[in-house]
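Same chain, two partners: chain A is paired with chain B first, then with chain C.
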Partner chain A sequence: MMRWIVALMTLALGAAVIVTFVNPEFTLAGAGQDWFPTEVGRGAEVVDDLYDTTNWIAVALLVLTFVLLSWTVWRGAGRRDGEGSDRHGSGGLEVLWTAVPAVLIAYLTWIQIGARDEISAATAGDSPLVIDVEGAQFDWRFRYAGADGVLGNLDDITEVVEMAVPIGRNVELRMHSVDVIHSFYVPDLRLKRDVVPGTVTPLRFQIDPEDYAAAGSPATLELRCAELCGWGHYAMVGRLRPMEPAAFDAWLIARGEDKFSNRAAGAPEEPESDGEFEDEEED
Partner chain B sequence: MGALRAAFSRETEVHAVPVHEPRGLIGRYVFSTDHKVIGIQFFLLGLVMLGFGGLLALLMRYQLAWPFTKVPIVGEWLFPGTGGAMTPEIYTALFTLHGTVMVFFVVIPLLTGAFGNYLIPMMIGAPDMAFPRMNALAFWLLIPGVACLIMSMTTPGGGSGAGWTAYPPLTTVGDFAPGSLSGQSWWLMAVTFAGVSSLLGALNYVVTIVKMRAPGLTAMRLPLTVWGLCIAAILQLLALPVLTSGTALLAVDRIFDASLFTPGNASDGIGGQPLLWQHLFWFYSHPAVYVMVLPAMGMVSDILSVHSRKPVFGYRPMVFAMMAIAGLGFLVWGHHMFTSGMDPRLEMAFLASTMFIAVPSGVKTFNWLGTLWGARIRLTTANLFAIGFVAQFVIGGLSGLWLASTPIDSYMHDTYTVVAHFHYIVFGASLFALFGGLYHWWPKMTGRRMHEGLGRIHFVGTFVGTNAVFLMMHQLGLRGMIRRTADPLIQDAVAALQPLNVFITWSAVALVAVQGVFLLNLVYGLFLARRGEENPWRAATLEWESASPPPAGNFRRVLRVERGPYEYSVRPENEVDYLPQAAPMEAP
Partner chain C sequence: MANLTPRLGALAFFGSLAGCGYEPEIPVFASTVSADTRPALVEAEVADPDLAAARIGGALGLYFGTPSAPGFHLTPEWIEEERDPADAWWELSDAAVDAVREGNGVRFGAQLGAIERAAEGAPLAVPRPLRGGESWARWQGGFAALIAGEAALTDLHPDSPSLEEESEDDPAFTWGEEAVRFWESYYPTLTESAELYRVRCLTCHGSLGAGDGPTGLYLDPRPRDLRDGIFKWVDVEANRRPRRDDLIQVLERGVRGSAMPSFRRYSRAELEGLVDWVRYLAVRGETEQLAVYFAGQDGAVDPERIETAYKTVWGRWDAAADQVGAVPEDVPRPVDVTPAMIARGAEQFRGALANCASCHGDGGEGNGDAIWEIADDGTRSRRLDRWGHPSQPRNLTAGVFFGGDRPRDLYRRIKYGIGGTIMPAADDSLTDADIWSLVYFVLSLSESGGEPR
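== the complex of A and B ==
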């Protein structure tokens, strides 16, 4: 009785793990979506492909080990006293199950290193749009170069929470933090990079026009802090707003003009941050 | 290494240690220097802390299923200030405490402290540890450690809210987190006490194993449990000083504003380097994962072999695989820092070294399967938990393939996929080995057997519960749910999967409830079970040469070891199908 329970439980677990690992295109009850979020980054599909490749190897090993485990247990528990083997090992098998996994692992390592290069090559090339990103407990602040094209002077354009980015153009973030470690995480771009105080961390990406269209052109992409940064960590969320390049340029110029007209009219200067933590939570 | 090899290769001399029976109840049961009493003390403390850590996990699960709502039953008592609901501050303190308790006060003390203490002298035929008083000190240092943890929860500002990883500057600058006031300092002290305790224990284990083996017990005749414990102890000896100096340096930053890990102004780059702490911390804490799993691997090998009446398949490859895991384990700490912005060349090296740990891990898995192959398997509770260990170790190992790969990790790092991955190892593997070990060595410790029927219910419930809790966490992580979030609903993509979080929470409730069966079994095994079986599993290793429970001094005679530890099913025609390690050679 117990041998049946153990064997079937093991098989069921193996099957459940395979189903969950291979990221099936099942529609979830009510959600109607795949497990992975949509993918809109240039080069980001490499991550998904690598995940799939890794899983074919993982699934092969899962099938092998779980079938062997449940079979040996089911069979062995049915043996009677005196029927068991006293075999101590096998040199040939040891060589086999050291060498075959070693080759598989070497292959995986090789394609992973290749994928790293492929991802960085996808956004290589010069003159990216540079955006300065500042992480602070518990919000995101963005700074664009103004009309002079230089970051770090008075005509910079500042934004909070929402970062507008042009579609199909390389973007280079220069990320830094004013307090603790944060992490810039955009699931749809398959990107995550820590924002460490005391250093400026560069990060490049590009929203791929075709992928973006294929993903249904979402109006915003979720940005969130992935590194524990204090009690408000859970709510340190932001957005990326992908824009057509022409619309983006127009928006940037308009923002620059707003800023100066406001200042000329004696309006208070653009706030560094909206400060109110609760404000961001609402949307 | 040469000296170690020399120490292992020669036979140790016979020891005739005078055994002095301690006098009085306190001398015998409280301030005892007997390794068995100390081992049991570690068990008691570890199991109490396991219950505590489990309840913390339940509170966390409640918050994740129904964020910021009133916690039923205990809410008003625990969180009177908020009408019984949790605040984000409380939630961060909860997961920090859960991680700290489970790593430093449950899994490490139970595997190395409890099983290490109880089993090492028994399995190598020694009367006690090499340094019995230091051994007692190792246990008693945990008590102030626990006291410091309790203090950290009750100080103004609340417990540390920086996670068990305690990354600065969150932990060094008081303004950055409420718990970074004195709560963080108490936390540092608690971890330091636990670290020094492990260090003393580790030194003791290595010396005992090297110097006090029974005559004839060469290195390649040691049970794999002893090998696992020995390699784990060596890991601790090499890695713990780094963590302990790290915590001391962090304390210097906090108390004297030294700025070792705390950067100055963001733009000028002056000041300390936060990544330095991450390097120091993971240089210890990755090997710590192997401290938590190598003894478990050893115990599982022993349990599978005894209860399946079959020699461990590939004993030597098993030993070498453990050594390889431990050795590679020192070269992989950077895989916790793939997104930290460290040098890409380092990234590549850590990627490769981490991937290759899969090879010795695979060798172990296949040898466990080889052990079961063709065996006459008894599905005792101990064996069931060992089989469960193998299944779940495979799952935890394979999800590690994603996380070792930097491109995939840059997506999955700090998500629930990581939470799922390491819980498959520390819960699905280490804790299963611990349960298996308890069922297996219980008759040794008490002279009674726990109830097999209750044990089977406990196993099936725990196995189903564990997977119900942790399997779907992979999915939440694939969807982008971050770790340490107090409110999954805040992420739009994840909010759609909230039914999964509710399901996991209910599964966790069931998983904790099933442990009631285990408590019942403990009571049964302590008081109700029949006494009198000296070696109920017919195991061949030395600990069963002693009475059950063993007297002070352990063995009535000097044991002479004649053979390896796993001679099962070697005499199928006989009533006794195995050859005890210390049974005299038969005349040819």
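== the complex of A and C ==
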């Protein structure tokens, strides 16, 4: 009986692993990366590689653990005399199970440092567009430098929920929180960083024009809060709106014009010329 | 003793299960008489307050239905004009209609995409959209023939004039065109909007909009009491009824500094629907208040007076468009702002005429004395706002402006005052230049010169 349970357990495990990692729907390493949206950020593929490596190591360890466990139970279940062996410590085993994880962790650290450098190198260079990001229960708010290019003064442009960003230009976020810890998470860009009250956290990225086009030029990219921040956490949803650089510049200028106009909410942007109408009356 | 342990274990286990059954109090979405109504009737010395409250409740039921079957009573004039506020699509401005269509194009991208692909020969497989169950039912009903494959996208729609009869004003249209139009011109019914309100707003604003939802009780400032029709962060003059666009603006940007979040993630159609619902709650609440007032005058509830109350309230809302607080055209830009202008603003701020400092304090920190009312015996009590909550003038050095930080927003706050609060409209003798200098002085208090805040 016991042996059958063990056999079934192992089978179920194998099936789960296969379904998760071999089925093309779910394959991370494979071509159709359906677990994640297609990445559109410069250097974001490094994150995917890192994820895959970590994942395969974890899968290998999982399988190894279960095989050992099943083997132990299978062997033990076969013994009817009920006596376990009386063993106290094993120097060799201890060295082994300390050394293997140590090597693994060292390796993971190593590749993560490499990945971090690679990502920063991908967005290094030309001076970035700086956007101030404010996390608050339960809204994302953004602040752009206005016409004078200086953040934090009278002609700043403020936005809520939707962050317009130019494609192919470096963007540097300066993130801060007014209340609790939030986390700025854009899956399409493989970006996730905590936004901590009392400090300003920088975060750089760039939407890669080619990757973006390859992903079908989605109109918006989802932005989520990835740190449980209170009862409205689920609703702390925003979006990035990628724009061609020229369109972005025009948008920023238009927002500036609007900021210093006198039009009421909902009023047409251009004062409506009623010239046409008058002409008709004259006729 | 020996078998006590497993029993204790079982007890602990089931006990923990019972603990897991914690269910927060779910607010009832009901439509009843407001909690304030009966006390108000008593205070107004109405002969039989219970009867009066019951009659007012009955009238409200007749005029507004219930949250599951809401609607508006139609006055004879409206029936003649074919107006029904429950069907607000026809009241939208052209710009709003465009925004609704654009938003629907995004929200129903999957549905419209499926129709487009079907037009290119693929089988028609329109997915059910997120939210909006009624529209899905309408789609399945109205387009059953198309879905079943009995009609093709290129066939003429049964309601279309035939190709011989079509004219410029009345062009022929196909099933495909009608299907696209269906999704593009989606507009929520009052019931759908009530449902969205229940899910997203009820916890703060409460089922009648009294601002007494279970979460609302713990917030500061408290959620708006929507039954009043008085709003703070709108473009109309203080204490006037807002236009649709004012409420859309509030819903889109939220109220920074308060718990009121932005709902910009919803499509414009859904936001317009929420505006419908806010207006529904406001008109209902105002009618109720006016009915109580009339009952106090007449000594009993008079059906004719309720009709009058209903019409009076609608009159206020219909007048909204003419009550936008004007802002002069030449808004000063930061480059036009001189130190002299800021100095003038500072002087006004502390001067006797504008006297902002009396509430906001000399430094603008919101610590002025005028929020206290001093009784004859010398006891001090906090001045309350319209809704009975203690007044707290804004700390202007924090740079958090609930009603928006554009110069025109602050101009409106200062020139026209803030509805429902103790912040008054500016003295008439202040010129536009004075007010602009106040605006820029206020803004300068929180300028951080490049540092994030």
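Going forward, the second predicted complex is superposed on the first by the 179 of 283 C-alpha atoms of A that agree within 3 Å, B and C clash if a C-alpha of one lies under 4 Å from a C-alpha of the other, contacts with A are read in each partner's own complex, and residues count from 1 in each chain.
One rule holds in what follows: a contact is a pair of C-beta atoms (placed from the backbone, for glycine too) under 8 Å apart; a residue touches a chain by one contact, two chains touch by 3 or more.
A quick note: this is a predicted structure, and the numbers were derived from the prediction, not measured.
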item: Which superposed partner A:G76 touches (first chain B, second chain C, both, neither); value: first
item: Touching partner for A:A219 - first (chain B), second (chain C), both, neither; value: second
item: First, second, both or neither for A:D155, with chain B first and chain C second; value: second
item: Which superposed partner A:T10 touches (first chain B, second chain C, both, neither); value: first
item: Chain B versus chain C as contact partner of A:R141, first or second or both or neither; value: second
item: Partner chain(s) touched by A:T199 [first = chain B, second = chain C, both, neither]; value: first
item: Chain B versus chain C as contact partner of A:T54, first or second or both or neither; value: first
item: Contacts of A:W231 with chain B and chain C, given as first, second, both or neither; value: both
item: Touching both chain B and chain C, residues of chain A; value: 137, 176, 231-232, 235, 237
item: Residues of chain A touching chain B in the complex; value: 2-3, 5-6, 9-10, 13-14, 16-17, 20-21, 23, 28-31, 33, 35-37, 46-47, 50-51, 54, 57-58, 61-62, 65-66, 68-69, 72-73, 76-77, 79-90, 93-94, 97-98, 101-102, 105, 108-109, 112-113, 115-116, 119, 137, 176-181, 183, 185, 187, 190-194, 196-199, 201, 222, 224-235, 237, 281
item: Footprint of chain A on chain C - complex, ascending; value: 93, 95-96, 106, 200, 215, 235, 243-246, 248-249, 252-254, 256, 259, 261-262, 264-265, 324, 327-329, 331-334, 337, 405-408, 440, 443-444, 447-453
item: Contacting residues of chain B [partner chain A, same complex]; value: 87-89, 91-92, 161-163, 165, 167, 169-170, 173, 176-178, 263-264, 266-267, 269, 271-275, 308-311, 313-317, 339-341, 344, 347-348, 351-352, 355-356, 358-359, 362-363, 365-367, 369-370, 372-379, 384, 387, 390-391, 394-395, 398-399, 401-402, 405-408, 410-411, 413-415, 456, 460, 463-464, 467, 471-472, 474-475, 478-480, 482-487, 490-493, 496-497, 499, 566-570, 572-573, 577
item: Chain A - residues contacting chain C, complex; value: 132, 136-139, 141, 143, 146, 148, 150-155, 158, 160-162, 174, 176, 200, 219, 231-232, 235, 237-239, 258-268
